[in-house]
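Order of writing sets the labels: A, B and C. Residues in every chain begin at 1.
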Amino acid sequence: MGHISLKQVTKSFGATNVIPPLDLEINDGEFVVFVGPSGCGKSTLLRLIAGLEDVTSGTIAINGNDATMIPPAKRGLAMVFQSYALYPHMSVRKNIGFPLKMAGISKEEAEQKIASAAEVLNLTDYLDRRPGQLSGGQRQRVAIGRAIVREPDAFLFDEPLSNLDAALRVNMRLEISELHNSLKTTMIYVTHDQVEAMTMADKIVVLRAGYIEQVGSPLELYRSPANLFVAGFIGSPKMNFVEGKDAEAEGAHTIGVRPEHLTVSKTSGQWKGTVGVSEHLGSDTFLRVNVEGLEPLTVRADGEVELYHGDTVYLTPEPSKLYRFDADGKAI
Amino acid sequence: MATQHSRSAARLMLAPAVILLLGWMLVPLTMTLYFSFKKYLPLRGGDLGWVGFDNYIRFVTSSAFWPSVMTTLLIVGGVLVITVVLGVLLAILLDQPMWGQGVVRILVIAPFFVMPTVSALVWKNMFMDPVNGILAHLWKAFGATPIEWLSQASVPSLIMIVSWQWLPFATLILLTAIQSLDSSQLEAAEIDGAPPVKRFWYITLPHLSRAITIVILIQSIFLLAVFAEIFVTTGGAFGTRTLTYLIFQRVLESQNVGLGSAGGVYAIILANIIAIFLMRIVGKNLDA
Amino acid sequence: MARAVTTQRKTINTAIAWAIGLLIFFPILWTVLTSFKTEAQAISDPPVFLFFDWTLENYSIVQERSNYMRYLWNSVIIAGVSTIIGIIIAVPAAWSMAFVPSRRSKDILLWMLSTKMLPAVGVLYPIYLLFIKMGLLDSLVGLTIVVMLINLPIIVWMLYTYFKEIPVDILEAARMDGATLREEILYVLTPMAIPGIASTLLLNVILAWNEAFWTLNLTAAKAAPLTAFIASYSSPEGLFYAKLSAASTMAIAPILILGWFSQKQLVRGLTFGAVK
């Protein structure tokens, strides 16, 4: 069980209001990602759920019971911190076993749980080391191990991968996803990286300045972003925005077109431009095209396309994949 | 971090320390203030009633007051000048590459750990004794007449003893500060052609200014309160009666509590003036 | 930083530094040496430096005659107990200010510091009077309390600066892991802060050991620690250099050793964290 429900939750630090009234339902077994630019209140929201901060008003219910005033230890949640927050003076074994010791679980039973968690996380050979003697990825695993053994109703992750290098991050991303598949426990995952959000989430919550901009599955957000912010935030490379007469022609204030929905031609098309930068990745080619009267447009073209700096190209958006926004940035 | 629960726990856990220190400060302070407005002679009649600001006036107009202020200033000022100047030089010296740096450091710091009564007695008897002291032997070796240090040159002698105790403190703090100086600054200056003296004057010394201020303030607080050294060596004779010692004598030796308490209030005010400056610096550091 | 220094320069540095170091250390060295001399050799003219008949006689005489052990015991009790009580009171206080800072934390810290700056002589009589009234004069209990109180601000400050360096995440992790406040402090904070707590302990033992103003003024025979015991040698009649030296050596040796261990932390402790 891991159903979490936030009703009219707000949080202010003194005079600064970080979370405006916010409602959110997180269902049992879901992998929910809070995503948004840094400073938008993701960690604060997670810490409210964890109980490390008090809400200023509103209620948080876990499995239907009001948990607003319950201390963190009693909420049945486990948290993995960005800094890992391992206990530096304890061995890996003791680190993972700490929550069990606090729960007063017998030595033998704890030993068993530690062993099986270590097994899952490939830590069996490192159980007697101190955190200081481990690599970043291993520390991350210990932190996860410490969370797993508690068998919590939900896992909370606060940017757990941001201290790892790029290659390791991709690996750990997969491992966490696999963990979710096998445990089927609710996970709430905070990140500022939309790629992590898109790849891992069942449900993404896009936050900006404490407000929920949109909630939905990765594809829902990709297909039908509710507003300019979500449209620009979800998807990589970022969506192109065009204002002015091209937009008016579509009956909108702004139109958006994803780089992958622009077709490139050397001969004819809607917008004529010159290639600024072309990045050949092999599988894809990313072009930055300067069009007169518009912001530079990003195009995702075929990997084998032979276009270089200074070439003249014509771009045409796929009409069915055009996004239209009104003057307030809302999708039409 | 802060939930209602942890905040109330924090208040509860802070309470014992705050209450104890509050009591330690307020109770005696109030009593001192109370006595300072009374004629109070425990051995000669006890509480003889309120006298207004009489004690305050009598304390500053007594013939012992100004000399004691002078002595205090001389000792505090003398020790400060000696420890800061020598401390800077020693710190620079100890920062140079050498063999056995750790050992030298230990040798230099050692006096700080010697209890005041021991250092005062050792200096008084084994160094400053006009007959058997080392200094007397040294003087004789050069054909000079030994000095009766603690009677003929009592204040300089005390300055010397106290400086010996506090030089390690200044050196240690200044050395720590010097070691935090980014050496690339000095190297840049060297490349720019600045000679060593200029490098010291324009880079090292400004870098040390904060540490020097801290040394001066902290030492001032402790030096104003120098007691055991005088108690053991001269007992306040030969012009070594500082303000602290004068108050001690008024209170415990002549048991004129009212008068001594008025002096105590003066001492508290004086210490607070210095403390305010020190706290400004420390407080700034807290924000950083 | 790492630049080749000529051996010649290094030699000169070494010579000067050692000369000055030994000069500063000389009074202590001389005291220790004299403690092994006979009384006659101690005042011989010219003074003998090393070539004398080494004897331990002074140490045994000092012990027998003056009940040295009792003073030592008093010193140990006062320094040890006052430090331990101080730390027990200060750890929670420092936890509060380091991990649950409020607008007032800084003011409280500075105020604590200001109590340390209260000149002792300004409150001498009130304390003296209170001690008489409560029957604490010349008692170990009374003195231990006073010494604990005068050092409490330093203990709180030192612990505070050490705690500040511990990431709050780790304490929160413990809280998430189900630790109560007591368990969080006992199993997580304290072990992590052990180096800081140890140096705080050390510095305070040193300060308490050497505390002279209150020990001289509040004790007579019963509770007098070593500071007062040494002061009793100031009367000219009881003056014998070798014995004075032996007593002095015994009084300072333990603390000198502790001091050398704690020299690094000393700076932080004595400047209230303003210089690290």
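In this section, a contact is a pair of C-beta atoms (placed from the backbone, for glycine too) under 8 Å apart; a residue touches a chain by one contact, two chains touch by 3 or more.
Note that the coordinates shown come from a computational prediction; the quantities given were computed from them, not determined experimentally.
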Query - Pair joined by more contacting C-beta pairs (A-C or A-B) - result: A-C
Query raised in the report: Hey, which chain is the most central one here, using CA centres?
Result: C
**Report entry** Geometric centre distance via CA averages, chain C-chain B, whole Å
**Finding:** 16
Query raised in the report: Once you find the CA centre of chain A and the CA centre of chain C, what distance in Å lies between them?
Result: 54
Query - chain A and chain B: spacing of chain centres that average the CA atoms, whole Å - result: 59
Query raised in the report: Hey, what residues on chain A touch two or more of the other chains?
Result: 52, 71
Requested in this report: Return the residues of chain B touching two or more other chains; collapse runs of consecutive numbers into ranges.
Outcome: 1-2
Query raised in the report: Mind pulling the chain C residues that touch 2 or more other chains?
Result: 172
Report summary line: So, in the complex, the side of chain B touching chain C is made of residues 1-2, 6-7, 9-11, 13-14, 16-18, 20-21, 24-25, 27-29, 31-32, 35, 90, 93-94, 96-101, 103-119, 121-127, 132, 134, 137, 141, 164, 167-169, 172-173, 176-177, 183, 211, 214, 218, 221, 224-225, 227-228, 231-233, 244, 247-248, 251-252, 257, 260-261, 264-265, 267-268, 270-272, 274-275, 278-279, 281-283, 285-287
Query raised in the report: Along chain C, where are the residues that touch chain B in the complex?
Result: 1, 5, 9-10, 13-14, 16-18, 20-22, 24-25, 27-28, 30-31, 34, 43, 45-47, 89-90, 92-93, 95-97, 99-100, 102, 106, 108-115, 117-130, 149, 152-153, 156, 168, 172, 181, 206, 209-210, 212-213, 216-217, 226-228, 230-231, 233-234, 239, 241, 244-245, 248, 251-252, 255-256, 258-260, 263, 266-267, 270-276
Query - chain C - residues contacting chain A, complex - result: 167, 169-170, 172-180, 183, 187-188, 191-192, 194
Query raised in the report: Can you list the chain A residues touching chain C in their complex?
Result: 50, 52, 71-73, 77-79, 81-83, 85-89, 98-99, 102-103, 146, 150
Query raised in the report: For chain A, which residues count as touching chain B in their complex?
Result: 51-54, 71
